[in-house]
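Here come two complexes built around subunit A, the first alongside subunit B, the second alongside subunit C.
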Partner chain A sequence: MRRSRGGTVVLTAAAILAALAVFLPVWWVFVSSTRPGNSYVENMTPLSWLAFVPVGGDLTNYSGLLSGPFLTGLFNSFLVAGLTIALGLAIAVPAAYALATIDFPGRGVVFTFIVVVAMIPFDAIAIPLSSLFQDWHLSDSYAGLVLPALANGFAIFVLRQFFLGIPAELLEAAEVDGLGRIATLWRIVLPLSKPALIGAGMMLFLSQWQAYLWPLLIGTSPERQLAPIALANLSTLFTVDLGQIFAGSFVLTIIPMVLLLFFQKQYTESLSTTGLKG
Partner chain B sequence: MRAATATRRTAARPAGSGRRRRRSVRTTLVALAMLSPALIALVLMRVVPMISAVSESFRHVSLATGASEFDGLSNYTYLLTDSGFHSVLVVTLVFNLVLNPAIVLLSTALALLTAQRLPLVGLWRSMIFVPAAVPGAVVALIWSTALQPDGLVNALLEVVGLPPQPFLTSASQAAFSIGIMVTWGALGYWMIFVIAGLKDIPDSLYEAAALDGAGWWRRLFSITLPLLKRPMAFVLIACTVGSFLLFAPVQILTKGGPNGSTNLIMFDIYNRTYLLGDVGVGQAEVVILMLLLAVIVAVQFRLLREEKA
Partner chain C sequence: MGTSTTRILPFAAAIGAGLLLLAGCGGSSTDGSGGGGGDEEITLTFANADPAETWATVIEGFEAQHPNITVKQLNIPYAQYTSTINQRMGSGGDGIDLMVVDAGGAVLDWNNRGYLADITDLREDAVAAAVSESMVTAREVDGKLLALAPWTTSQFLYYNVDVLAAAGVEPPPGDPATPWTYEQLTEAARTVQSAGAAEYPLLFDQWDTYYQLQMMGVSAGGGDGIDADGVVDFSGDGWQRALTWYHGLFEDGLSPRGITNDKNGALFQEGKGAFIISGPWGVSVANAGGINYGVAPAPYFEGGEPATSTDSWAVGISAKSENLDAAKEFLRYLTIDPAGNAQAAEVAGITPTNKEAFAAYVEGVEASAGAATAGFGAILQYQLENNAVHRPAVVGYSVFEPGAGQLFSDIRNGSDPAERAAQADEEIGAQIERLR
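Coming up: the complex of A and B.
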């Protein structure tokens, strides 16, 4: 579509303005995290350029975080997210592959069931599930933190859509060559499916990284707290060290940001699959 | 849903009749084996808790003995006649009625803007997407510091000559403040779905419209927006479900206050179940929440479908 030069300038200015406005709080958090303790306030009233330029600061807030419960939380968050990706894919991949390539009676019913159940919002049933976990002796355990995130119908859906796009001739050729179903999946299909695996993996990761209600209910002892809970607890202490809150917030933000930097394309493509074809 | 495309592929396999039956039993077993971990997980982690919420909502758990007994509809009648619950419903509904349309409109506007061919547009789009990666609890913490008396927002207000605002500590501004942080965290995420919808609109439509001399606004209202109805409907529905379940900012920042002005339904459920120890009433409220969501999603589906016809 052709556009006048003036139009391009106006639209570009609008896009830059929107991007800066959305990004500004994150940047402000980063700069404030380099101001020891609550000293960021000195740059706020009146607002100084030092509130947005990270010069003259130090990393005391970050070293302060390292000696507290936040470090344990961060370790737990990584552990739980890593287990969720590995086990979540191990469950979703075979399920999606069976749905995409095996013609068996009741397949339509099973697929509909998975899609419908995937639409039950997890947080709505988190509270009843947490009382069940108490009965099942799973509260306050890593298993308790990981298990609910493994039931991810959207990951199955995304992988199935991708597997459907792999040409049937390729799978038949593998079969003719005497490759079994599992070997075909492992040696032929999975190497072709990196974008979908990354997309589904990101969905599993973010579902865990962003969780708050469930880890609050289940990871009750300090040794099993996840990072967002540990950070929120820091913010409700009698004397709040906002510098540490800034630093912790920035750490929890930069980690998924870096992952998205690499995998944004695969992740957003997987997301759009769930939105448009569902 | 496109189950049909899948059937076409595998149905075409030839096989002898006797061998075929044996083979089909075997393949069914293989398929079920591959599916069973996922199905077991979905049933135990999603379906069972839903059923348990319904059955627990008809029971009363004694705080003193821990014994649970059937109690009919009394949890529901208690909730439905409780004025505290009425105000929770009003706060939740008003909050959603304002928040969700605002998110849909803003994310559509940003999608239209960043889907244009502009210098460095990928960078601007990524910057808008960044908050989508920030965990909800961290969004709450970032904005609670930004909305402090000496935080970022008041500092910016001062620069343009406006008086400082109380935000989270004022009954009239707290819900609005939570709305701001939720919008900030959600915009980029929903924008992605609208952009995907934009990419599905064939270029030929725009070319034809340009030949007919249709201007930018005309193309927006006659082609783009009508064809965006499906992704926008999806965003509205999914976003409504998410906002009804909003919990982290309320629990971390306001605990439902000041004066119950941010007492959204998820926090009220948490509050009744864990802080007041009223498990039966909490589960009844979970069931009401799920019914409410089902009704709202069904109504939105119906309205958006009719509009299309």
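Coming up: the complex of A and C.
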């Protein structure tokens, strides 16, 4: 009993330390973002505890940021991520369902192919792919930004693993009741698959939210700039407004964090079920 | 199976419709029409490395005068600009009509790759309008003019009046003909350090960049560090003198290691530095901090020649542009037209190259900070006319500049200047050989 308590203390202390290690930099970015202009350096050289105390600052960096091109970037990032989730799931769900429930010839090969292709880092193919997109006149367009992220192998994988966990009896019963494949998917399977849909949706969202290279290659006009590009443009050859950059970084960081916090249960559940069947 | 297929079809059609709708959301690279004359609608695509607002004023001014031409920007972050343009131009041009071109070898490199159109027909008007002829000729390759610079730069020694007073240091003179030497500057920085008057006695706007250090090598008699044949030489007496001085600043704690370039202006602005060597933009940076500061000409090495780094982005026209005449019209407005050039420099707060715009700019800067910037215009004009050094347009510049940056960085972090320079000469030279 005593040993167990000691272990608990050690593990709790380790958890608190790990949480602090993750939280402190984000907190520092937030506090620095409340200092106008470049005045955050006041407490940085030498490093003072005041660098972590949000006293004496204001939100002018946020108002400045949100009245400039960053706001358009933020809107575009949400639009592109939203379209990617909607259309990406529309592709991943039937693909995963087919791989999980239809015993067609070559199913194993197709599934292996999807998983292997998903392993290739997107950046490795971004340059030649962007040349193709230029030829197809998809540069500087929402279509160009969204299309490459739609067929997400990991999303298909997560959904397929989840669908495999749904009892076959349920699907057979639906078939006996006269439901076709699409109706079974729509009426029986999808209502049960909320965690997997949220997990796959989060993957699609994050793949777009943190994208930098592709938007750089494909769309950088002010109207179609994504938020990370708009943020990078705050640092020019001549001047840098670090206060606004901190504010932008904080906004870009906090949004996926809040989403993850909100959907934590379903996201964890979706990932933990991926190893159940194969 | 047939029934299933029938049921899948509407689903697939819905996805297909979604994708088609998505494809309809964009895809407007250029209108792709004509040569610029007449009333036809033309869209010019202008790639640059700035936020959109930097060029918005001049674009509005141009569009008001040319109602049939629309200028669309591509704003590529500065750090990724060159590689992104190389990728886009290398794979067909992507509808880009105009693009900013960095100083130095970029113009030669992009000329060799066939990216830039010949704009020699603008040369005569450009030279007549520019503050100095070399601002125009620095962008020529084999007698062909390939870009025109709307902006220029120089280097200044900014100082914090209150810090120097606290340390008992006499400020440097404002007369551009009699700048301090680097030796005098070092001595003053040492006095500030001993008095504990500032955390950072001497800052540079850009540590370790060739733009910032080129003038030191030239002043010490070492030349550009690379000759017209692409032979690299940082081991000669001149560059060794400059690099040993640079090395000593960090060894002696007069300048800090571990501070990145984006922080230097901020540190001076917040009163943590006694001196900073920076460009004309240093005025707006210092003004934003509300400190009591002064401006002096950039230093030179005792016994050497005064030298100040110069140049900035120029703008070139894509050789693949289908709107050559309209693009030239825009370039003319950016540089040769006084009102257009003033608008081009207004938002960035950078020095315009057109004589008339330059005069108005200087007046504005001098009025912005009273006594602090009273001598700014005289220093700027004198340095641009007498001792400005352009980055060399030589083969292999694209590997020379990052190689030199690495050399300076290593020396800043403690490497021996002689040994490291010998290594750099060999390594950068070998890379240039491979490019040949």
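Going forward, the second predicted complex is superposed on the first by the 245 of 278 C-alpha atoms of A that agree within 3 Å, B and C clash if a C-alpha of one lies under 4 Å from a C-alpha of the other, contacts with A are read in each partner's own complex, and residues count from 1 in each chain.
Keep this in mind: contacts are C-beta pairs under 8 Å (C-beta built on N, C-alpha and C of every residue); 3 or more make two chains touch, one makes a residue touch a chain.
Source: prediction; values computed, not measured.
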Room on subunit A for both subunit B and subunit C (clash or fit): clash
Partner chain in contact with A:L99 - subunit B first, subunit C second, else both or neither: first
Partner chain(s) touched by A:A124 [first = subunit B, second = subunit C, both, neither]: first
Subunit B versus subunit C as contact partner of A:I229, first or second or both or neither: both
Touched partner set for A:A173, first subunit B, second subunit C, both or neither: neither
First, second, both or neither for A:R181, with subunit B first and subunit C second: both
Subunit B versus subunit C as contact partner of A:I156, first or second or both or neither: first
Touched partner set for A:L271, first subunit B, second subunit C, both or neither: first
Partner, of subunit C and subunit B, that touches more residues belonging to subunit A: B
Contacts of A:V53 with subunit B and subunit C, given as first, second, both or neither: neither
Subunit B versus subunit C as contact partner of A:I91, first or second or both or neither: both
Selected from 2-10, 92-100, 182-190 or 272-280: the stretch of subunit B that, after superposition, runs into subunit C: 272-280
Residues of subunit A at both interfaces, subunit B in one complex, subunit C in the other: 41, 45, 90-91, 94, 127, 131, 147, 181, 216-217, 229, 232, 235-236, 242
Subunit A-facing residues of subunit B, complex: 1-3, 5-7, 9-11, 13, 24, 27-28, 30-32, 34-35, 37-39, 41-50, 52-53, 56, 110, 113-114, 116, 118-119, 121, 123-131, 133-138, 140-146, 150-152, 154-156, 158-159, 184, 187-189, 192-193, 195-197, 200, 206, 210, 216, 230-231, 234-235, 238, 241-242, 245, 247-248, 251-252, 266, 269-270, 273-274, 279, 282-283, 286, 289-290, 293
List of subunit A residues in touch with subunit C within their complex: 37-39, 41-42, 45, 68-69, 83, 86-87, 90-91, 94, 127, 130-131, 134-135, 137-144, 146-147, 180-183, 216-217, 219-222, 224-225, 229, 232-240, 242
Residues of subunit C touching subunit A in the complex: 3-4, 7-8, 11, 14-15, 18-19, 22-29, 49-54, 72-80, 84, 87-88, 91-92, 94-95, 199-200, 259, 262-263, 265-267, 269-270, 272, 279, 281, 284-285, 288-289, 312-313, 348-350
Subunit A - residues contacting subunit B, complex: 1, 7-8, 11-12, 14-16, 18-20, 22-26, 28-29, 32, 41, 44-47, 51, 90-92, 94-95, 97-105, 107-108, 110-115, 117-118, 120-129, 131-132, 147-148, 150-151, 153, 156, 164, 168, 181, 206, 209-213, 216-217, 228-229, 231-232, 235-236, 242, 245-246, 248-249, 252-253, 256-257, 259-261, 264, 268, 271-272, 275-278
